[in-house]
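Shared between the two complexes below is chain A, which pairs with chain B and chain C, respectively.
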Partner chain A sequence: MRFKSIMRLEARTLAPIVSLFLLIVGTALVVPGFLKLSIVDGHIYGSLIDILHRSTPTALIALGMAVVIGTKGIDLSVGAIIAICGAVTAVLTTSTELHPLIVLGCALLAGMACGLWNGTLVAVFGIQPIVATLILMVAGRGIAQMITGGQIVTFHSDFIDAIGNGFFMGLPARVVLAAVIVAITILVLRKTALGMFLEAVGGNSEASRLVGIDSKLLIIMVYVFSGFCAALAGVIIAADIRGADANNAGLWLELDAILAVVIAGASLSGGRIYLGLTIVGALIIQTLTTAILTSGLPAQYNLIVKASIILLVLLLQSKVTQNFIKARVQSFRRASDA
Partner chain B sequence: MKLSKTFTSMLPALVASTAVLLSSPTFAETYGFSQIGSESGWRTSETNSIKAEAEARGIDLKFSDAQQRQENQIKAVRSFIAQGVDGILLAPVVETGWDQVLREAQRAEIPVVLIDRGVDADPSLYLTKVASDFTEEGALAASWLAAETNGVCDIVELQGTVGSSAAIDRKTGFDSVISNFPNMNIIRSQSGDFTRAGGKEVMESFLKAEGGGSNICALFAHNDDMALGAIQAIKEAQLQPAEDILVLSIDAVPDIFRAMADGEANATIELNPHLGGPAFDAIAAHERGEEVDKWIKANGPLYLPDTAEAEYQARR
Partner chain C sequence: MLNERYLPVIATLLVFILLYGYGMVEYKGFRDTLVFTNLLTDNAFLIVTAVGMSFVIISGGIDLSVGSMIAFVGVLLAYLITGLGIHPVYAAIIALCTATFFGMIMGVIIAYFEIQPFIVTLAGLFLFRGLAYMINLNSVPIDHELLVTLSEIYVPLPGRGGLTFIAMAMLALLAIGVVVAKRTRFGLNVYAVGGDVQSAALMGVPVKSTLVRIYALSGLYSGAAGVIFAIYTGSAYPLAAVGVELDAIAAVVIGGTLLTGGVGFVFGAFLGALIQGIIQTLIIFDGSLNSWWTKVAIGALLLMFILMQKAIVHFTRRYSGKNPEPPEQPALEKVEST
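Up next is the complex of A and B:
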């Protein structure tokens, strides 16, 4: 019985990992040199590193999104928060003499304040998450445009630059930074009861209230966490191009983040949080993008190819397909036994 | 009671001032200008340029910012018609839905000049369109590159947003010129969505796919922002932009002049924001009873690094 449940868990867990593996192998067959890694200027260089590097913002906001979706919520405002925090970073760097660490702190606080706003609307005023966060999704980009005055604000700061483009022990610094945050999140959620509480709130908020979980506080906290993740992604995106582009930074990234959570196998109706697999989901999305860009595909086919492969990944992960594969494997075994 | 008294006491003055205006119609022409908004640096400089041109000509320009909304523009045009202006400048936010309000202007015999974009309406409803020809911009870029490289060059191209008229026409113009040179080829072409981040990411993948970028001769970007992103990708690949890979783009935003002054870009073609002059000329020609072309092309010049520092200081 116990063994069976582990098997089931594994099949579901395996689907995103197998998809990522197949995607990388498939691309390597089409694009020669895709797997090639070399050392350039003291750090690792190659398409695989690019994928890690480019997926960092999506992975970060997907991490926040996974927790929010786990509590039966959703955060559509992360793209706008990215724009706001990028704008805060750029404007503070260009127009004040503040230490870059304080600038970073201000940007993160701005993101968490946005999260607090979302969380308050959802938990205290009981507005449906999709509507509550839609408000900031629309207004936030306007706020960012107000901060930058509608222009792309170019800035120069060695510290912020290092976050976006620097290297740490041969790896991109932002990848290391994101990995640390993912690891801390997994530890806090899985080694304490917090993760269980969150899933309980998402599974049945009334029941969790009756057993004494302060669901309001928890829900506010998850939106603040999502705001924090988006803020960090915003700083990274701004640092990447050394400028804050309020119109385009993080545009539609909330959808990629939701997709990563869904690829990980979580249900949008809450109750489950898969952190590690969500990161795999973000990697799948970025691998696909990088693969399309390096393959030489004409630009007008980008979206249709991307959508088709995502559909394949989701089909591979669906219960019907997995039951079908399981049945085939069992009948094959029986046949080979006999 | 008191109010009506004030009004009657003001009435003679009002009549007098109206009479002055009516008696000297050539003294100060009044034009209305309905602008889309101020979403980009380019649009702000277009607005400023048109206002400055009106002031230089002694035109009384009534300005209305539509904040990206067509209904605000339609409202503005109607109010211009009600005020009986001598001409209307309209930078349409979308292509469709203008027939009715243009017909109203035509009935009031007020010429409408479209600024920097076209509309999907009967050409008889407006006087003319004053706008850049994206195809010519692409062709000019290709001509410069052909001259610079003696017609031998492997080019990577950063396209604008798929389906946008700027991306389609700039590509068409560029391709039409390089097709005359058998040794000029576009070896990679992808969309960077007109953004810095897009330009950087796509350029990174081009550099990986082309063996580190050693065989790329030039980059043609459909706008400056993508080129600015790509310049960073080139630098991070340990190559020297503008030397190892020529960098050529369109728009002439301030930051590309900074890059050119720093020796990181080679040329940019201005997307001309100075559309006020040709627009006012067209209305004046119409008033004299002359025939006006339906599309007045107002293309900008190609800028090179030698003037970049001065241009940057003038534009920032």
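Up next is the complex of A and C:
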């Protein structure tokens, strides 16, 4: 009995990793040179590094989203927060003489303030997360346009540029930065009781309150963390194009992030946080996009492939399908026993 | 006796009258009926989408795929009419059937596989946008003499205003929506499912088939919105109507429908969409304000209405002396009393 449950757990966790592996191998078969890595000027280049580079914003947002979804919430406003923080970065860099570190700090604070707003609405006013974050999703891009004055503000800052496009020990700096944040998050959630508290709040918020968990404070913290991740992604995206585009920066990124969390096997009804697998999910999404682009398929297939994969994953995860498969396996066993 | 269920709709009506009254006092041009009929014409597709969305939200679900559906139907229409030379009437029927079919598929997945509507319709959002890209990547005109004839239909009203064909089509679809919600068994089932799925099932409401029909209806209405949008713009573009799902959800919420389901009015969605339109018109009349104020104002209104709903639910629960789940009680009363 015990052996079985461990096996099932492993199959569940292995699925995203195996899919990512198969996807990379499959693409490598179709696209020659996909796995090739070369070192130019001490920096590593190659399609795989490119995937890591491009998936950084999605992975960061998905990290915040995984924690939010773990508490039975959802954060739709991350795209808008990206736009706001990109705008803050661009405007502060162009119109003030502040040190780039302070600019970065301001952008991160702006994102965390947005998260605080979301968290307050959810935890204090008891508004459903979809609705509470919808408000900022609708208004956020307007606020970002207000900050930039309705224009695409371009800026130049060596420090911000280094975050977006620089290298650290041969690897893209933003990948290293994201990896550090992911590692810290995993450590904090898994080596302290915090992760268990969060999953408890997501599993049954009333029961967790009765055992003495301050669920309101935890929920606010979770949205602040999601805002922080979105802010960092916003700075990276702004650094990428050396400008802030209030209308298009991070558009639909919230959907990609939710998709990454779902691929990781977390249910939207909360109670489970899979951080490492969520990052694998973000990598799967980016690998797919890169694979479609490099294999010569028209780019418009991207959305359809993405949609089919979400549906496939959802159908496989659904209780109805799993019960059906279980019943089939059992009847098959009975037949072979007889 | 004034029922607390009507309070949100009355508040919406008040806001609408206040905004309209402000426009009439402030701007001379606003007093013409032309402003009102233009409001109907310009927001026709949004209102039709919001009517379909009302059913979904009253049932406790959400449909994120409507914006993509509008674009997909438009591109499909253009392909059928100019590409294959099919008469526009038949093309519209084919497009509407396709939209209903896709809505039904989403409903089947939601009802029979028990997956959250949020994520299923998110897949729909990707899928329909992707399908639209597959058919056509560019913005194409839809030329047919029938479209010219339709755009010439105009019922003059006192003043300079008049009803266009799409305004009349919208009003007809709105009237059908109101009647279906209030006067049919299906409509009552929608309220019952949204109020409490378990009670509804125990009372003999066919929950699953109702859910399938709700999403099929939303598909049909967003398909109709797509046809209206195609007539309105005279063209089809796969990137059209991005973000309309948010506007439609905002319209439904501002119109007094609880996002928890069970309580709401289809007519409220009409008012909610008109309020968004009027904010836009006021900003255009003002001339000095930028367009981003629309988004911020809609976000602020959204917040106001959600907090008001919270307050109403809170106080009814406190003063009615009972302590049930807030949205459950009114919904069940509604089913019994009508």
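The rule is simple: the second predicted complex is superposed on the first by the 302 of 338 C-alpha atoms of A that agree within 3 Å, B and C clash if a C-alpha of one lies under 4 Å from a C-alpha of the other, contacts with A are read in each partner's own complex, and residues count from 1 in each chain.
Simple rule for what comes next: a residue touches a chain if its C-beta (ideal position, glycine included) is under 8 Å from a C-beta of that chain, and two chains touch if they have at least 3 such contacts.
Just so it is clear, the structure is predicted and the values come from calculations on it, not from any experiment.
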Between chain B and chain C, whom does A:T294 touch in the aligned arrangement: first, second, both, or neither?
first
Which partner chains sit in contact with A:L268 here, chain B, chain C, both or neither? Use first/second/both/neither.
second
For A:G33, using the defined touch cut-off, is the partner it touches chain B, chain C, both, or neither? Pick first, second, both or neither.
first
A:I44 in the overlay: touching chain B, chain C, both, or neither? Say first, second, both or neither.
neither
Give one of first, second, both or neither to describe whether A:L311 is in contact with chain B, with chain C, with both, or with none.
second
Per the contact definition in the header, classify A:K319: touching chain B only (first), chain C only (second), both, or neither.
second
Report for A:G150: first if it touches chain B alone, second if chain C alone, otherwise both or neither.
both
Of the partners chain B and chain C, which touch A:N302 in the superposed model: first, second, both, neither?
both
Determine, under the contact definition given at the top, whether A:N165 touches first (chain B), second (chain C), both, or neither.
first
Considering each complex separately, which residues of chain A are in contact with chain B in the first and with chain C in the second?
145, 150, 300, 302
As the complex stands, chain C meets chain A at residues 62, 109, 112-116, 118-120, 122-127, 129-131, 133-134, 137, 246, 249-250, 253, 259-260, 290-296, 298-300, 302-303, 306-307, 310
Residue set of chain A touching chain B in the complex reads 31, 33, 40-41, 46-47, 50, 54, 145, 150-152, 154, 165, 237, 240-243, 245, 247-249, 289-290, 293-294, 296-300, 302
Under the definition above, what is the set of chain A residues touching chain C in their complex?
74, 121, 125-128, 130-132, 134-143, 145-146, 150, 246, 255, 258-259, 262, 268-269, 300-308, 310-311, 314-315, 317-321
Enumerate the contact residues on chain B facing chain A in the complex.
38-41, 44, 159, 162-163, 188-191, 193, 195-198, 200-202, 204-206, 208-209, 211, 225, 228-229, 232, 236-238, 255, 258
